[in-house]
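One structure follows; several queries about it will come next.
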Amino acid sequence: MEFRFETEVRVRFAETDAQGIAHHAAYLVWFEMTRIDYLARFRGGYPELRAEGIEALTVEAHVRYLQPARFDDRLTIRCACADMRGARFRFDYAVERDGEAVADGWTRHACVDARSHRPTRVPAWLAEAIASSEA
Amino acid sequence: MEFRFETEVRVRFAETDAQGIAHHAAYLVWFEMTRIDYLARFRGGYPELRAEGIEALTVEAHVRYLQPARFDDRLTIRCACADMRGARFRFDYAVERDGEAVADGWTRHACVDARSHRPTRVPAWLAEAIASSEA
Amino acid sequence: MEFRFETEVRVRFAETDAQGIAHHAAYLVWFEMTRIDYLARFRGGYPELRAEGIEALTVEAHVRYLQPARFDDRLTIRCACADMRGARFRFDYAVERDGEAVADGWTRHACVDARSHRPTRVPAWLAEAIASSEA
Amino acid sequence: MEFRFETEVRVRFAETDAQGIAHHAAYLVWFEMTRIDYLARFRGGYPELRAEGIEALTVEAHVRYLQPARFDDRLTIRCACADMRGARFRFDYAVERDGEAVADGWTRHACVDARSHRPTRVPAWLAEAIASSEA
């Protein structure tokens, strides 16, 4: 998997649990932040998508936890967007700390009309921006 | 402070932090659940309020943490609603575990129109139900 | 998949997001609560496991989101424990609302020594209780 | 109130709720992140404090919500540390967006021994660093 985008996350104290490590649900929040940072490079990104009356629902999520992350860790999250067709697309992620693999995963999404919740195509401006970014 | 309503909360593992205790932000979530349970006794409660186009915003919150709460603790949260006038009202809370005081606090709220976010009176059906419940 | 255990979750307001539905990370927290309820039937359950110096880490998680869950929804979460061997085991989940499938998923776990974080077998008392429960 | 320290927070999508605004419990998490950033300037900051076997418990918290914060908002959180005596200290906060007041609040804390949970003085190195920073 080739990643052309990355962002940084610092583990919050509120994200740790009584095992002394980052709670496993926090990774889905970090993946979401990574997607939002990824999309922010294109026109208005995710806020613009929502302003156009489109919601991007998460329809599937997968995480493999390889090493515990701890309070105050600086994590690098790399991501790529793939398999865009019609209303659907997929993101892949790799979480690293100082070059060590901490976790990886992927999420699948579907664009829907914000009112009707019916599937709607990814807008052309976004589909093209992502295709050219991943090319 | 006299409390005529109480509900139960069980501390989730995800709510603990690396200090081995429930994170202090979780108490605001528990207070919110207690308010929702309190209101659920009256017509449709908080969901009904939202269905009528009214949002109850939290405008102030206060918590005193007296004893740490731990994973799997069964907590009793007692609450009372007071000072309702116009768009505004206040809730007081006491959190106990087996009769021991764990925390207390209060929150203040304002009803607003869900679209305009302008203040709007607490609907009469709810104001009356609360007044008679606390009488 | 046959499920012999189920528990109830009510969607908290704090679990919703600006899409007006339960945030997708909340499902991992609900799965965790379901596991804890499942294990609570056997001796001291998960707290007992921790008291014996054993942590059950989550090493993989998967969720399929089929229908949005909304504020105040009463969800039934069914689960089963499978594939227990050595330090490892797996849980499967199905989330339903009034008989409608809302989500499903699975998580994989590994028992580790709480101090060294080295793999350690699932204690016999727990392995046997689960095996007989699922038989 | 004079603030000599500030940090930035960007509202996460996961922090919004079905009112379309940042959930009110998120502010306590942001206050915590601000404290941690504030302390990070002094020796090892909060992680160092924990490494020395000291936990800083939150014993009281107060928030006034003045304007809703929304998804992707860039917030400036200013803070100051005051009233340090013995084991106890207090932080004050102001949350702003483009110069507009969004919220303010304060938290009170007590240092305890991580094992016994008995009160213990703020270590001299930290008390002196804070005093000279606020002077």
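Lettered A, B, C and D in written order, each chain numbered from 1.
Everything that follows uses one rule, which is that a contact is a pair of C-beta atoms (placed from the backbone, for glycine too) under 8 Å apart; a residue touches a chain by one contact, two chains touch by 3 or more.
Values in this document were obtained by computation on a predicted structure and should not be read as measured data.
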item: Of B-D and A-B, whichever chain pair has more C-beta contact pairs; value: B-D
item: Most distant chain from subunit D by Cα centroid; value: C
item: Centroid spacing, where centroids are CA-atom means, of subunit B and subunit C in whole angstrom; value: 28
item: Mean-CA-position distance for subunit B and subunit A (Å); value: 33
item: Inter-centroid spacing, subunit D versus subunit B (mean Cα positions, whole Å); value: 24
item: Junction residues of subunit A, two or more chains touched; value: 13-14, 18, 25, 29, 32, 50, 71
item: Residues on subunit B engaged by subunit D in the complex (per definition of touch); value: 18-19, 24-26, 28-29, 32, 50, 55, 57-65, 68, 117
item: Contacting residues of subunit C [partner subunit B, same complex]; value: 12-14, 29, 32-33, 36, 46-47, 50, 71-72
item: Touch list for subunit C against partner subunit D, complex; value: 13-14, 16-18, 20-21, 23, 25, 70-71
